[in-house]
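Could you have a look at this structure, given as structure tokens, before my questions?
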């Protein structure tokens, strides 16, 4: 996978059910903005708050709505549920699976490596590792990831640690392998690409797909200063929809961009008005600024 | 709920499927040892590693095998999946539901209180709060729990923080409410009961049900020194099957006690031989000592 | 060391200098309330905020004011500064030294064991280990502590983890050694004593010395239910002067008890009025209740 | 302050005392390698393991040995000790003071801001904020730092979080202020400079001063690709002397570079032979590669 991927938000209607129409519409809007692939059922897509059936339905809807590659988030805490969802996602049109590190029991790198190896052996579609310590409290080490890179069915990693050191080491340690290093944090997208990453999967790409795409294209066209400059424009908005307001922030900004996707599921909660006003001013600076 | 509950291990057969016969057999053995209620699909039962359908099946099997009360672990990360599993567990024979705090998105006490309130409103069976910071990285505060205690359909809490301060505060803050404080850490069972807790749900009760039950009975019969002494006997074994070796430790000790329940699911892994030998010697000291 | 020790607050005058008279007065008040030994320059005494010279002066003042044993907090981050302060404290009248685990560089148990061993070899007075994970982010394991217990010049441990499991294991693992297990958390004082601990060093003993002493005496006189009951009375006040309001809380309550000790040093800050009012009502419940 | 600063290692002789000659020699070697300023008594200089008198002596020796600017680490846990050491460091020749965030009592940004403001008011030399969450478990927020930037006597920040987001935000939020943003993590030096940082203070600059200096010069000469490339060369060595082997790693590599500085102070410990061999091979790749 190369380029800018979007861990697409999952729209809910007023009853709290998945809103397929809004999802299809969102896919089209993101495509028009120049993004390169779609990642339904990621953390931003509230995957942990969906039932397995709902996950499959989201993947189906996204796959039906686009010609772009689809990398479906299929990770649960356990091997069997993860394999089952991976198989169903493949059937629903996913080209690859993004599998978050299990975290409940505090697995270490050795346990995770065995888990991923078994999963890659069994999966009908390629596996992307997914390390997101903000949510799982464990960063998969670049060394552990690199040891998996030679597996035929391990296609890459989404590294959402926000650590440029980690991205640099991943690039260096997997050089020569068919293994995509995807940046998972909007603040280090340009820097990660400059260091050799293949693309990114960014929450902020939901709400500013044109800017995220511009970063990638500037890097590809050998204009790193332009990539950096676009990325600098994105830092506050990126922070707003990740560490500051999280998924509810993504959903609030999508509404501000005339792509309403409903409220997040519990235990997440919609933002208060002052947070929305804050987001509105950050958005204006980012898009018009 | 009063007395000693067991967060019963989930047996798997050689194919990795749920072993209903072994589960039924385990229920009987635990009942004979004097335990008071059963908690299928808890953390020790590898609930996060089961599919929703498997969870329901485990509850069904346990409920069919016993006349004791059944408190089913029904918590997922999101409200909708949790409510769905809770309803299905009720249909499968659960008398109440144990709902772990969602943790992926780092919810705070205010979000968790709203989540539990909505769930208690909707659930067909009473809800027990479940705080287990070792796994979720968040301890539900006694104040937040106490604020939920007046809800008709919130029946109590399993507090697995290991903190006697937390248990003391829970007892004090919920005095006068219909609200059971259940100790979730084997090392503070006697002390928690002496402080006014109503019972416990203890991983170690899987492997030493006779000792766990003896602690409760000694406390109830107003022999706190005996309760403390039984508990002191259990400290090393408790630590071995929790912080040291976890669920794989529980399963290894059950095999040593002639109740084989298969290996844990991935990403958990069976113990190495030296760990099993260590457990064997700890078990001998505990049961025979 | 046996009985109830007080990690005595360090009074400052209006200029921010150590107030020797207030300190002497506080020592006398605590003695009259029945406490058994004094611990100047602990965490509650703002030791990390004092210069080495000031630490020595505090020890001198306390030692001059009392016939009770004096255990001086002498730990810095490094071996050389710690040894120097330990030697000076011994010269100033300390009977033993309480040495907190260094934490800046994230030392593990093996490094800490070597550190303590070297220090005990060199120190003119016996060393008490001091584990306070709330401040240092590392709990010295009972196993590591027990391995040090046989050293002639290691006299015991203050365990402020709040974990009854840890206290139980320390008692069991050091049985037969000349090694005092001292409870460092007010919420588990009675339970720790019932489990075999030798005494305690409690922040809350600054502000409720009569209750802390009563807990110890009830345990010693084989009235564990009375010890537990006294301890239950202390839980809210203990929490208020530790996790909730910390050292500024201790100082505010001492003022309420007519033992003014000035404000805490920066970066600590005096409490706001509403926090003081909260403490006042908790104090009333505790002492008069 | 601009350019590359070195948080210079503190050499000890065989008795464990400060080795002034080795320190003077090290200063000269670093100067010859092109570094721009010196930072005695930082985390890499084992400042927390020195007595206050020793800190002053280290500053004196460094100031006497160089014409370059000297930024002395003067932070202790408390205001009074920190101010005292700052005044003494100024007297010993320091041009500015680097003050780490106090961490023992878990101060928040509001407390830290008040602390720094008071210190800047009182200090005879300009203050640099120093945020190093790896050691203190708290990252000073860019917002809190920016609010201090307008103070006449607050000169900048050393941000050792390793977060490029934090550096980007610091640059943006302090634009227009006389405030230097200094990169504290070797892995993000080039990226931080490209984002607008003024320089860096890097542990790795002790052992590869020529490479660290080359990164800065390439950036200044508008050759960002060269800066990035130099930085990529440094990633493994940087990691080796920080997260992997820490200060003992710095000291071991200095010996390999024929600048022996003795062993680290306890609780730190000299590296085992296999770690030194590992460092040797990483060093060879970095310097000759």
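Chains here go by letter, A, B, C and D, matching the order in which they are written, and residues are numbered from 1 within each.
As a working rule, a residue touches a chain if its C-beta (ideal position, glycine included) is under 8 Å from a C-beta of that chain, and two chains touch if they have at least 3 such contacts.
Note that the structure is predicted; figures quoted are calculated from it, not measured.
K.L.:
Find the chain most remote from subunit B, comparing centres computed as mean CA coordinates.
P.N.:
Greatest centre separation from subunit B goes to chain D.
K.L.:
Look at both sides of the subunit B and subunit C contact and report whether the same residue positions are involved, with over half shared, or different ones.
P.N.:
Mostly same residues: over half of the interface numbers shared.
K.L.:
How many angstrom lie between the CA centroids of subunit A and subunit D, rounded to a whole number?
P.N.:
Each chain reduced to its C-alpha mean, subunit A and subunit D end up 35 Å apart.
K.L.:
Considering subunit D alone, which of its residues make contact with at least two other chains?
P.N.:
Residues of subunit D touching two or more partner chains: there are none.
K.L.:
In the complex, go through subunit B and note every residue touching subunit C.
P.N.:
Its residues touching subunit C are 162-165, 168-169, 172, 185, 187-188, 191, 194-195, 224-225, 228, 232, 235-236, 238-239.
K.L.:
Using the touch definition from the top, list the residues of subunit C that touch subunit D in their complex.
P.N.:
Its residues touching subunit D are 16, 43, 46, 48-52, 76-81, 84, 102, 104-107, 111-112, 114-115, 118, 135-137, 246-247, 265-269.
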